[in-house]
Amino acid sequence: MLLKDTPVTTDKLLSVQDLRVHFHTLRGIVHALEGVSFHLNRQETLGLAGETGCGKSVTARSVLRLIDPPGRIVSGRIIFEDRDILTLDDTAVRAIRGGEISMIMQEPKMSLNPVIRVGDQVAEALLIHDTSLNRSSARTQAEEMLTQMGIPEAHRTSRRYPHELSGGMAQRIMIAMMLVTRPKLLIADEPTSALDVTIQAQILALMDKLVQDIRTSVLMITHDLGVMAETCDRVAVMYAGNIVEMGAVRSVLKDPQHPYTQGLLKTVPDKANPDHPLYAIKGNVPSLLQPQNHCRFSDRCEYAMARCSREIPPVYQMTDDHEAACFLHDGQSISSGGKQVDLMNP
Amino acid sequence: GRSDVLVVGMATSDIISLDPAKAFEFSGVGIEAQIYDRLLDFPEDRFDKPEFSLAESFNVSEDGKTWTFKLREDVKFHSGNQLTAEDVVYSFKRVVYLNDQPAFILTQFGIAEDSIRAVDKYTVEIKLDNKYASGIFFSCLAAGVASVVDAKVAQQHEQKTDKYPDGDRGLTWLSRNSAGSGPWILRKWEKNESVILDANPKHFMHPPKLKRVIIKEIVEATSRRLQVEKGDIDIAWQMFPDQIKSLMKNADLRIESSPAMVIWYLGINVTKGPLADNRVRTAIRHAIDYNGIIDSIMGGAASPINTFIPEGFAGYEDKVYYKEDLDKARKLMADAGFPDGFEIEMDHGDQTPSPELAQALQNSLARIGITVKLNKLISSQLWPKYRAQKHDLILARWGPDYVDPHTNAQPFADYKAKVLSWRNVYYNDETSAMIQKAGQEMDNDKRIAIYKEVNQIIQTEGPYAMLFQPKYEHAVRNNIDNFTAAPTFDLWKLYPITKK
Amino acid sequence: MLQYLIRRVVTLAITLIGIMVVTFFISLVIPADPLSSIAGPQAPQETVDRLRKLYGFDQPIYIQFGRYANRLAHGDLGTSFQTGRPVLEDIAKYFPATFELATIALFFSIIVGIPLGVLSAVYRNSPIDHFSRVLSLIGVSMPVFWLGLVFLLIFYFKLGWFPEPGRLDIMLIEPERLTGMLLVDSLIALDWEVFFDALKHMFLPAFVLGLYGLAGIARIVRSSMLDVLSQEYIKTARIKGAREFIVLTRHALRNALIPAVTIIGLTYGGLLEGSVLTETIFSWPGLGRYLGTAFLTLDLNAVVGGTMLVALTFCLVNLVVDLLYAFLDPKITLARS
Amino acid sequence: MNTETQIDKRLARNQRWKARQRYFKDSYTLWRRNHLMVVGTTIIILLLLIALSAPLLATHNPLDQILSDRLLPPTWEHFFGTDSLGRDIFSRVVHGARVTLTIALLVALISTPVGLIIGVLAGYFGGAVDEILMRLSDVFLAFPKLILAIAFAAALGPGVENAIIAIAVANWPSYARLARAETLAVRDNDYIQVIRSMGASNLRIMVGHITPMCLSSIIVRLSLDMGTIILTAAGLGFLGLGAQPPTPEWGLMVSDGRLYLVDQWWVSTLPGFAILIVVMGFNLMGDGIRDILDPHQRQS
Amino acid sequence: MRYNNHVNRKTNQSHNPILLTVEDLHVYFSIREGWLSRQRATVKAVNGVNLSLQQGDVFGLVGESGCGKTTLGRAIVGLSPVSHGQILLKGRSIVGLTGQDAHERARQVQLIFQDPYSSLHPRKTVCDLVGVGLKLHGLANGYEIDEQVLAMLKRVGFNIDHLYRYAHEFSGGQRQRISLARALILRPKLLILDEPTSALDVSVQAQILNLLKEIRQEFNLTFLFISHDLGVIRYMSNRIGVMYLGHLVETGATSDVFEHPQHPYTQVLLSSLPSIDPDTPSNRTLLEGDPPTPIDPPPGCPFAQRCPGVKPICREQAPELIHHGNSPDHFTACHFPHVD
């Protein structure tokens, strides 16, 4: 009953095109996103993977147009169904937020308002989007939702404050709050990173069930490739403000086409041989203060060529559903679909 | 309505009690004086000699020790009780018994509890321990402490307190209530807020013209000024000289003034180093820029004075002993062996205009080489220091306790009275003896002559530099008539005032 | 709860005892003589000595202290030199006026300070922010007596918008004294004329006094609001699609107020203190002035009584603040604070 | 020791210097971005300059009384007019900067170390030490500050020095509170625990590791308190317990001039503005220092 | 066979001497509980733990959040109060040391914290941070300190440019390396690593783990490696212990525990781990509910409330950590261990 087993329709729900986000900080302009493009189909789960600071959360927040100063969305289009979120007026955006697109964040306890009872917080989500609803029926609906979330004694729990709940419980509340309006798209920004593995398993199973029930699409952000493998239909791998590789989950994880994805997969110690050193990508994440004018992975890349440090690699299409932004694929050009290079064992 | 209510803005925070036996502050005595009557009283515009009030005649024995007063028979207290000799006896005994601050005004004549008795319903006999000048005695009988209290009412409020385990003679109650017969009835006293006096239309002599007087406590002079200009108060009591100038431009107001019975002086401790030399003291007296100080700091609202008897009292002399004369002063300094001057301290109070005056004096004395270090002290520090004879120079003022030159002559010239002369360690047996003599001189003219003689000595070699006698200046709105400024609050009569 | 209160009361008692001891010994080391001041500059030495005996100041210090402590323990604050009345009575008389003024002033600082702080935070580093910060700073930076006089000059004298200094028009009759607070008493008596007149008289002094608290409140609200606005749960509220106004009030302000409450408590202490000068300017018959003169005349009983009352109020306000804190912040259990 | 790691002392110094330079450069950037802070610092620097060069700037002797020139309005001869004793107000304001600065700085120098020591001790040891020290500070805190200062000033006798001590006495408890709170927050932090697990003594932890963390919030608080300090000094001066005339102390000048407020506004208003501006300068600077010292600000 | 006996046996037969022994360790905290009340509750953070580390071991400690891993580690360096039990370093008790003894212990045992951001003093330069141990123990002064610090920094991958920077100028991985340098500069025998990589990215984690392995060899260290990441534990340690609610529920050689988990909790833990291989079938055992709090825990087996195979006895009697199965070194605290 995992998400990846659901049938994929090709009807695009969300399409992000050439998104650029900059932050004007003390040290200069942080070029956080440098032309991110991807799309998400209806009832599909797209995974967004990458290391800290690569721009996952910024991407997610951009979709809801929630980039606060000093950040600014410089360019790009975010087409949700048939509307461009970036050009809507505030009221329309607010209607989308929470109503059609919801988002779960990483720290469940920090994301709940500490002075409002959790039941009311869930009910508020309903009230905002359905003005005909009265308070008490919103509460009832909220409690029903909590029961659905497998929360014991939903009525009592709904009268509690966030600090009285465990992390797992708080995350359930968050999910309830974000799904109670039956949104078309759920963005989950590392929903389980702060939780223990056993709790993580519970939460993932729960999300899986609910997403099925209300037929929503999911943008699943995580840096845990294991979680990604289990929950997503397609994945996109980000590095320093770019999507470097995107495709069906199996194809990307089994047969990565970008050196960064490959490295990432190899550094996971799960199955590594304890007697050998772990594979480690050399160097550090580059500073985002410079605008991108070449492949940002080039100085850590084992296959780097001269042009890598001069040009920005375009996106090459490997198969219908697998693309990578790397000059190694030059020649197997975008249109041809081309043959694959076995980069795993060069 | 406002038309029969007079509103006076005044700083009255010094009031502690309105009981005649206790009140001894400017405002307390001033208000108490409106509520009670005394055997003798001063008229509203002359202060050299008291007139009959409750008493209608008197007798004095041959030896000058026994005084008999005949009372009017038509006086009723506010309570409706008849005022009789018993009330007078009770009131005087009360003062002696309570023995609070103003008591000395009576006890200085040796009046004790058993020295006063009622001869009949309207005759009182007072025995003194000695012969005293009648002028002094009468002035004291016109002082607030000699007010006659309604004995019945006071006895009703008798209570035992820590200080008076045998009963307080109604002191506690009378502090905030009244049992008098005067032209005004105390309606309410709220400390820091207001005193409200209602007219006593049945007063035997001076039924007031207005219905009510409200004395509103306004501490800040600026605030008083704004309110009188605005018309929220009718009289702004005691405006500062610098305010007067601009108030005079206001057509709705006039300034009423009267010399205050206050003398500002510089006390000189004659045991402190160079100050022991009268040449130095005289140099100091010549170094002071009297006119500059009066014109600038006092805004002209003061006059120079070279006597300890203020203008308004019998014996005042308009004679000038000292003028600013730096050459003379410098020469005297050189003669005394201080051509380059010396350093000395001056203590002074913290209330305007003391600090300004002190600074001006500092400036003046600097011109003859005397470097003065100023000590600004709060009153609870200043006076103990003065009493302990620990000062070098002190800027101070003196106001009379009762309305007779003796009240000034004695402290300034008789060190045995342990007041000013003593504090400045000026022990002159000659002047002391002369003052004692004056105290018993029944002939007023002779008495005054003695004071003048003493003054001469004090001015030439005494421990003071007399600075000036200030004026009281009040801003009065033009719809107030029959206002006569008086040299003290208790001499100020409220009853004649009318309002348009 | 009960235990907690008992603990607070014990602490309070210790504090009060400390204050008493400190005040008493300060009064001893002060090189000044209250009696000399009571007797006035003119009284001869004998009078001073007589008074000294009358007031029991001729006794050795430890006896004085013993007596004094004993009296205090019996709830007797002694008699004031300056009014000649029991200090307790004086306090009962003057405190309500100050309490009323300080409370209204606090109310004013809160009403204005909080929105100012919120605006500053929301429009951080914008002209609004700068304006509100400078404006509120003027409140703390001006000597109260100066500001009070200037306000009187402008708003009373020149413009005539507000009545003369004082609590009530001199011609009006105060309603029966129940609480001592004119606004309350006149409400009880349904005396609207007095009520509105008292309110008018209250305005300027409360404004001047309130300016003092305003800056502190605006500043703390600003900084805690900035803090709160960067929290995740604010994002959550926005994600839910809440209107910005709701986000600011329901979600942010309630959290931002939690630290502000403490400052408000402290401000109240400052207001009581600031009343010394304000009351002088505005002819306000309150405790501040009473205490001010008491100190200048070294009216020891009044000083101790008044100071203890101010301290007591301060402690009580802090207790209320702590309770409020627990009420506002579900995380707080009072046992910990 | 490996020669490769031998440190060239010049190089080391150079590196340290560079690190410091980076720190200052960041501070400068943060400073420059905060406009109000720039204003505040400028005011305080100006105050310092004025205080240092007072004799040069003053057009008259601040103590010279010319009684005939009383209460003159501002003119080219007297920029700020003259006071009730005919002294030049501008010169007095300029010289007053020295007095004000001295008072503010000395109070800071006395009360912060006391508060810091007591607060850190209470916070670090907790328990009975905390209880005793905090009750002590409660007693002082519960006193209205001005009244406590009056009491102490009265006890010690009037004068600037004693006023300074009195204000310091009234002020230390709030710093103790702050230091305690800060210590409590820092005490259980990992970086303190590390030092402790390495065997550092309590004294070293308190002095070397906790105090620096308390310092910044105390500095911020102090600069915000400067205004109150100056005003309390003025209040004491007003009551005759602070600076003594003819010292040109601003508070004293304001209260001396309040009698003339209606007709000769300049006498008390101009020194009043001096107070206003300086207090505002300190406040703005304090707000800014908070931002600059905040390590979070640097990370972004 | 009880674990304690095992300790003795092990001492006798192993060629590697025992470095650290923890015997029946209890760490209780007393906290105030509830609204306005003064009532105190006891947090039994570590509730009777026995373990021993041989010289050269990497002992991995896993368990859910709040199970007491950190508390145990901190107890060893004297930062948590020991309510009962013993901690022996080379046979000498190191509980409640003060003064010179504590100093000595500090030189032998060092701790590295989980959070790279809060474990470095924000107002000090790297040189001061790392050199503090030398200064404290009087091992060097003046530029000697700088030199030794630099040597150590070079070992963990920095150069002189970094010597005088402040902590905020470094990334998380770099900070952990600074912490490592700080710990190593005193040449300790035992290093307690409290989730040293859990705040880091996988690519940085790999660098740190490799570095740790090298360092261990080079400095002849023994590790107590705390983590909740089973993959990391498996890669790093030769022996592991699984903790649950203050108890050690299973311990043994890494391969034994991973391949033949005996305790139901260990089994759940292993099954919950998502695999990066999309083809691996996931057959999860989902646990009911949240982990209970260690505040006044009920008697019986700590896992009883959530155990899928719970029996009545589990709720009454706490199982002891005893040897089950074939592997000699494999101990489990369960009444019904899964032994194949």
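Points to keep in mind about this one:
Each chain gets a letter, A, B, C, D and E, in the order it is written, and its residues are counted from 1.
The working rule: contacts are C-beta pairs under 8 Å (C-beta built on N, C-alpha and C of every residue); 3 or more make two chains touch, one makes a residue touch a chain.
Predicted, not measured: the structure shown is a model, and the values here were computed from it.
Under the touch definition stated at the top, chain A and chain D share these contacting partners: C, E. Remark: among chain pairs A-E and A-C, A-E carries the greater number of C-beta contacts.
Put simply, the C-alpha centre of chain B and that of chain E have 89 angstrom between them.
Separating the centre of chain D from that of chain E, both taken as means of CA atoms, is a distance of 48 Å. In this assembly, the C-alpha centroid of chain B lies 38 Å from the C-alpha centroid of chain C.
Centroids built from CA atoms put chain D at 25 Å from chain C. For chain E, no residue reaches two or more other chains under the stated contact definition. Under the contact definition stated at the top, the residues of chain B that touch 2 or more other chains are 220, 222, 226, 378. Of all residues in chain C, those touching 2 or more other chains are 31-32, 149, 153, 157, 296, 298, listed in ascending order. Of all residues in chain A, only 25-26 touch chain D in the complex they form.
Against chain D, in their complex, chain B makes its touches with residues 220-222, 225-226, 240, 242-243, 245-246, 289, 292-293, 295-297, 350, 352, 355-356, 358-360, 362-363, 374-378. Looking at the complex, you find that chain E touches chain D at residues 74, 77-79, 102-103, 105-107, 109-111, 113, 115, 118-123, 125, 132-133, 136-137, 143, 146-148, 150-151, 154, 160-161, 163-166, 168-169, 179, 182, 186. Residues 34-36, 135-136, 138-139, 141-147, 150-152, 154-155, 157, 227-228, 231, 234-235, 238-239, 251, 254-255, 258, 261-262, 268-269, 272, 275-277, 279-280, 283-284, 287 of chain D are the ones touching chain C in the complex. Looking at the complex, you find that chain C touches chain B at residues 31-34, 36-37, 39-48, 50-51, 54-55, 79, 81-85, 90, 93-94, 149, 152-153, 156-157, 160, 163-167, 170-171, 280-283, 285-286, 289-290, 293, 296-298.
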